[in-house]
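These are the structures in question, set out in turn.
Note that chain A is present in both complexes that follow, paired respectively with chain B and with chain C.
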Partner chain A sequence: MIFWVTLLTLRVHLRIDGTHRKWLVASLIILGVSTIIYVIYAASSPGGPSGGSATGLAFGVVGSAFMIFAGLLAGRKKVAVWRLGRAQTWMRGHLWLGTLSLPIIVFHAGFHLGGTLTAVLMILLIIVVASGIFGAALQHYMPSMMTVQIPMETVFEQIDHVRAQLVGEADAIVEKACGPLALENAALANVAGASNTPAALIPLRDFYAQQMRPFLLHKHLRDKPLGTREKALGIFERLRTLLPDTAHEPTRSLEAICEEERQLRRQTLMHHFLHGWLMLHVPLSLALLLLACIHAFMALRY
Partner chain B sequence: MARADLTTKKLAQRIDLEYFKRPHPFRRLRFILSVSAPLAALLWLGWYALLRDNHVYSGGRVSTAHAVLSTQCDACHVKQAGQFSAKATDQGCESCHDGPIHHANQAFTPNCSSCHQEHQGRLRLAATRDVSCIQCHAHLHTTGGSTRFSERITSFDRDHPEFAAVRSPNSDPSTIKFNHAVHLKHNLRGPNGLVELDCQDCHRPAAANTKWKYGSGTADDPRSGDSLVSPPRVEFEKSLPPSTDYKRAYMSPIAYDKHCVACHTLQFDPRFQESAPHDTPEIVHAYLAKKFQDYIPSHTSELRIPAPVPERDLPQKPLPAAFVLLTQQQWVARRVAESEELLWRKTCAQCHALRFAQNSQLPIVAPTGITPRWFKHAEFNHDSHKLLTCTECHTRAKTSQETSDVLLPGIHNCQKCHRGGPTSAESRCFECHNYHDWEKAEKVKGSFTLSRLGRGD
Partner chain C sequence: MSAAAMIELTVDGKKISVPAGTSVFDAARLNKIEIPTLCHQQNEKPVGVCRVCVVDVGARVFTASCVRPVEPGMVVTTNSEKVKQARSTLVELLMADHPSPCARERQSGDCELEALAKQNGRLASRYTPPDTRRGVDQSSMSIGVDFDACILCDRCIRGCSEVRRNFVLGRMGKGTTTRIAFDNDQPMGESSCVSCGECMVSCPTGALTNKIVNQTQIAAPGAEPVALEHLRELPFFENVSGTFLSLNRNAVVKRHFKRGEVICREGEYGSTAFYILDGQARVSIASPIAHVKTKGAVKRFLGKLSSRLTQRQNDEREEETSQNWIHIDAPVDLNYENPVAILKAGDLFGEMTCMSLYPRSATVRAETDCTMLEMLRNVLDIMQRNKNFRAQLDLSYRQRALESHLRAVPVFAELTDEFIESLRDKVELLRFTPGQAICRQGEPADSFYLVRIGFVKVSQTHPGGEMVLAYLSRGEYFGETGLLKGDVRTATCSALDHVEVVRISADDFAKMSAEFPQVRQKLEATEQERAKMNRNRLSMVSSTPLDSFLKQGLMEAQSLLLLDLDSCTRCDACVRACADAHDGVTRLVREGLRFDHYLVATSCRQCLDPLCMVGCPVGSIRRRNSLEVIIEDWCIGCGLCADNCPYGNINMHPFNVFADLPGAAGKKVAMVKQKATSCDLCSDFAEPSCVFACPHDAAHRVDPRHFFAGLLQKASDSIPKE
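For the complex of A and B:
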């Protein structure tokens, strides 16, 4: 039931396109046939369904094969240049067969958790499949959302590097307008006459030194007024009323830098969402495959 | 909000082209977790291996009966030298249990584990699924050809045949004359006035430990008893299935000294208050002779008895009173004959079927033929059904007048509750039937020690 609901959800919300259709049909056929076999087998088996029976073992082998295939996607990515089929096919197989492995393994287990190891395996499988479905949904939705919300998006690994450059660019803009900032001694910079800043531009220099630069430097300071677009707009509007017209252009540049900083922060956050589930999915998948191999060995023996 | 000074070239220059050579903390964390998770799994299993505890690999909790073997996998999973597999086999089961066959002519003998599925939790292993039985009984074939049992049974509430005992023309084979309707009447004459009998005044499980209302005994135990009622008790005991607590499950057989004696005394002569023994005619005869022999020496006046009056066709002058003086032996013989006449013709015959052989003074008492257990191939537990009134199932008990009436309820009565489903009582085969023929069970010599079970000091 859960599986069917999941499929329907995927069909409706993920707008499964034509490339998924064959996989969807094949998965439904496999699931349907497996369900029929299971019902007949469970009803006719004197001792009840068991993973150790011939049918139960067959379910176990098929389910494990699906899991292993799904797990091989990581290996396939490591050797992307090898001619091992299209990456898209591997990804479709990973999604559909990986999902299908759950009901097949449940049939293998006869809807029982079994002992300690098998219970752990079942819980791991449920977490892995659930996190995979969650991840697939995120991967489907978030990129388009990011395109809209983060036009200044950059390579994730470059974000810290770009942010450091933003600070440099902002420093340069302010120094060009107000003269040297003497940031190594912030106390002196605040004393009138300690720099060559014209009196009309002191509000700009003070704003940058006291509000904007700390905002750019400390990415974890989320509650700063500049962290919110609406508040930042007001701050910059107010600042411009204090400054001569000649300072409006550098002020707009600083405002744009703040906006870029906010977008990079949002990108970081969304990236953590978009890939954070892998922190669960990948390690648990590896543990699952390892324990499944041990389970298979011990089960065949006992 | 585009910056005028931010050209495409500037944007491109922002990118550090060497970034992929330094793994991002995000990727590094994922790698660390990817190594740690399988490693943790290995350490977890390694810990159990160090403890020499294999139960982590168990397919599930073992049944209650085998709970003591939970960590002793090799008690059942016997490793054969040179073989990879260590699966539990029938030999493993038979080292502790004898599993006698179902029928000598059964066409198929399943493995122990195909019916008694272990590692399914703390269940009763004997509580097998119906499929275990149906695999044969849905299309019953025997090695001997035809069978006297129904050839198709798939469930109790669907196609189980009527109980053999109540199928027409079966009747109660007992020779005891008993009228249930009379005994359940109001205002019966009891030992101390009028009484109204209840079913449980006579029918009680052996475990009942209250005094019999109209009997002489207290707690009843079919393993003890007088000589006459021993045969039914022995039969009863033999017929009991070994797997049940028979003292609570089954009604104790009716015994004269427990259930009948208070009202049905065996008075044989007004000279004596005590009753004749409820025993064989030979013992009763010896008892009577001894009683009168002991009596007469101290009552010699009774040896003088009126002489018999000669038959006369016409009335004449009254004869003078004449007396005959008997010897003690003659007197005893006369009294015994009179008492036996009373007993054999009335008192005993009221319940027992007596037959007189040609050359014998003593009658032959027909065996009572009380059926000790009606369901020969099934078990029944009265204790589990004690919430019901007796006549709810034994509906004919209050109106039955003939011993031959079989007062057992039919299958439809059982099916009112035992019909499957979550709101009904258990209706699977094992609830009433035993697969193994325990009469053929052999003793098993135990081979375990407490230390092997990990229970030693």
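For the complex of A and C:
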């Protein structure tokens, strides 16, 4: 129950639009009615509530139906263009009915864990619902965070390609300013092999060779100074003081490239957060449905 | 020669005898005494402007030897220290404002001025150059002009007038701004210059240089270099400087094609034009003449849309054209029902591909064994500027293409043969270079124009700037508004690329209007439609005050797919749904411009300024009056519209069709042909698939002006009122 209250509290903080409001009201009504029925049923059952009783079975059937409906969303997504109702409606149903399934199943179980299978089922259901709520919260808040924090966002699958383009652009900028870089060195750790760089531009070439290029090439170097906006600002400010005015424009371009690189890294991270929880939610949901079927079969058969 | 006509004089201590009237310069030269010069050439009249050929004849001042006739007993010194010093100073003065190394020095290392400066050790001048720069002119296809490198020696002017008798070049300006000028100071490419190259050959510096074409040699199988003497035998290379032709001769080859051999294929990119020397060629469109019809399947329940190729008689779309002629990059038009025609000796095709690098508009195959000249744009430019060739092209157009060209325009379909015959000798074929104005807003309307080659931009000037009204391609016309109203031009029409138009004078237009009232009625109806469209667009412009909204081109859109980034979880369900609905080919990419917290996804916006239409080699993409883009049946699948769309909103949809086997005439095989498609809004359904499939209510199809009305109003209100 505490879980349900937490959920409600969370929902209240979400921006619930008109379509959500209808679902919320309907869910509250279903929950209210179920609670009343359960209280009456529990009070009138001498041996206490049981999943095998008629009312208990009814709760089980309704709860399972909600779970199955929630599970059908995955199938619905596979046939996204079939005119089976808008995907948005399915998603609303998935969220609200999927969440409702937990208290209904708890009523079905009479607040008992039962045997091993039912205990596993209950734990799975709690994890699935909890992960779902966590995912919904992420999907609610993170898109606007991404919009604000990653103005240079690109298609996720294109990130590696864009990053490679950034390295190319940066090479071209430095080569234009400082002369050819010795890029044939496979390690690329030291591209400062060019001998015809004007003396005034050597700091730029060295900075690029020793700090910036490795930062652009190795996406896992998060702890590098250029990986933080504030530190990078300081680094580029200092670099500009070492360079003639003519090199300030290329330096600004390099700074912009570093900023884009940081944004792409942040996008990757946020994308993994945004969709990573599904790695837990989806397999456990499948397992839950499978075990629920076994439980139903076993309970009805024996 | 009589002895009385001979004059004796002494040059550098050597006694010589030359005919009376000979210049001191020639007298010395005839006796192997070299006097340096810049402005003088043997085949031109001497003018003595550079003074580099100064010599000491014992007079008060030195004299220019090229214009000074010999006199009996004259004692000439050409190389005393004083003479050398004077010459060196002159060269140094000329070098003061000479951009060293100039284009010629960089190209071939033979700038005469810089060579003299090197000889005199005066490559770096001590004199301060003037502040004024005279600039460059790159408008000509084959000759680059750098006015700063010009020393005003007039060799080019004399070459043009005395040697070639073209009288295009002259001088313009005063003092330090004096420079050579073409016609009445026109850019070279827009002048009456015939590209004979004499000026370039005459120029001693890098002021006039041969333009290096990127692809300087045609590397085609079986390409046969054409000897200079053979080139000069061709009538259209008459009067072209041999040196100039020699510099460009790698840019033209002779090619022999066996019967049935493919000469060029539709949709392919190329950079050459073909001129048929003998034989015949068959020009056709191999792509199916049909458009992409996307329909719902299985009672629309499955939401699957199947795309197939459909001809217009089986699927008449709103405002689909009824024209029966397909305009191609050749002197003939193709029939919609049977898109095949024959090209003969003397025909030129592939001009648009060559000049503007558009894809080939049709497939050309040798009908008989034939020989062709294949040329790059510099040679084509030389040909097209040649008076003989122009005359031949004009004649060919009037005799063969004018009628089909006029009849291809639905408005003129009812003109009688007699009237077209009467127009045949009256119409004018005019050429324009990219950016050149054909007619200007506010000028008196004196002509009606039909576009023959290229694209014309129609724009109006308003207090806020220029507004593009339309892009007109081959077969379309303009200039009727001013003529019908008897008023001034209401818009400026300029060449977007290399354009050729057919000009019909106001008198002939008036005659046509009087004789054929139905033509006038149709033209008036078109004029009213265009005026209405322009008014709508103007009202849209004036009602959208937000700069960024305009900058992002959102105002251009009739309908946008917006993704609310605050709701979108980047799950790509919209993209997958679009692909699922359209045979696996998505017409939507979840990337694009951002406005506020909305992403304008890459999906057709039905722009008001549809750049996708520019360059279509067969003019198959055009706009309905509702401003929506329609792709006509004769799309050849070249993909240029997809490349041109600045928002990446046109996709190429592959279809399996039966078409001619490459290299084997008449043999058909199954192959993949592409057709351009754009978002059709899944019009068979109540809602586009992308919007329908979005689980987060993030995708919306909207009219931006209504959707953003509140935001725009807010932004507008925040602008302080004066």
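Keep this in mind: the second predicted complex is superposed on the first by the 283 of 302 C-alpha atoms of A that agree within 3 Å, B and C clash if a C-alpha of one lies under 4 Å from a C-alpha of the other, contacts with A are read in each partner's own complex, and residues count from 1 in each chain.
Basically, contacts are C-beta pairs under 8 Å (C-beta built on N, C-alpha and C of every residue); 3 or more make two chains touch, one makes a residue touch a chain.
Quick caveat: nothing in here was measured; it's all calculated off a predicted structure.
In the three-chain model built by superposing on chain A, chain B and chain C fit together without any clash.
Once the two complexes are overlaid on the shared chain, A:284 sits against chain B while remaining clear of chain C.
Judged by the touch definition given at the top, the superposed model places A:43 against chain B, while chain C stays out of reach.
In the superposed model, A:115 lies in contact with chain B only, and not with chain C.
After the chain A superposition, the centres of chain B and chain C are separated by 160° when viewed from the C-alpha centre of chain A, nearest 10. In the superposed model, A:81 makes contact with chain C only, not with chain B. Which of chain B and chain C touches more residues of chain A is settled by the count: it is B. Once the two complexes are overlaid on the shared chain, A:253 sits against chain B while remaining clear of chain C. Once the two complexes are laid over each other on the shared chain, residue contacts for A:211 go to neither chain B nor chain C.
By the touch criterion stated above, A:302 is placed in contact with chain B alone, chain C being left untouched.
When the two structures are aligned on the shared chain, A:156 is found in touch with chain B and with chain C. Remark: least CA distance from chain B to chain C after fitting both complexes onto chain A is 7 Å. Touched by chain B in one complex and by chain C in the other are residues 154-156, 158, 271, 275 of chain A. Chain contact summary for the complex, chain A toward chain C: residues 17, 19, 73, 77, 79-83, 86-88, 90-91, 139, 142-144, 146-147, 151, 154-156, 158, 271, 274-275. Those residues of chain B whose C-beta lies close enough to touch chain A in the complex are 1-6, 14-16, 19-20, 24, 26, 29-30, 33-34, 36-38, 40-42, 45, 55-61, 73, 77, 84-88, 110, 113-117, 119-120, 128-129, 131-132, 135. Remark: chain A residues 43-48, 50-52, 112-118, 154-158, 161-162, 165, 249, 252-253, 255-257, 259, 271-272, 275, 278-279, 282-284, 286-287, 290-291, 294-295, 298-302 touch chain B in the complex. Here chain C touches chain A in the complex through residues 300-305, 565-571, 573, 576-577, 580-581, 589-591, 594, 597, 685, 687, 689, 692-698, going by the rule given at the top.
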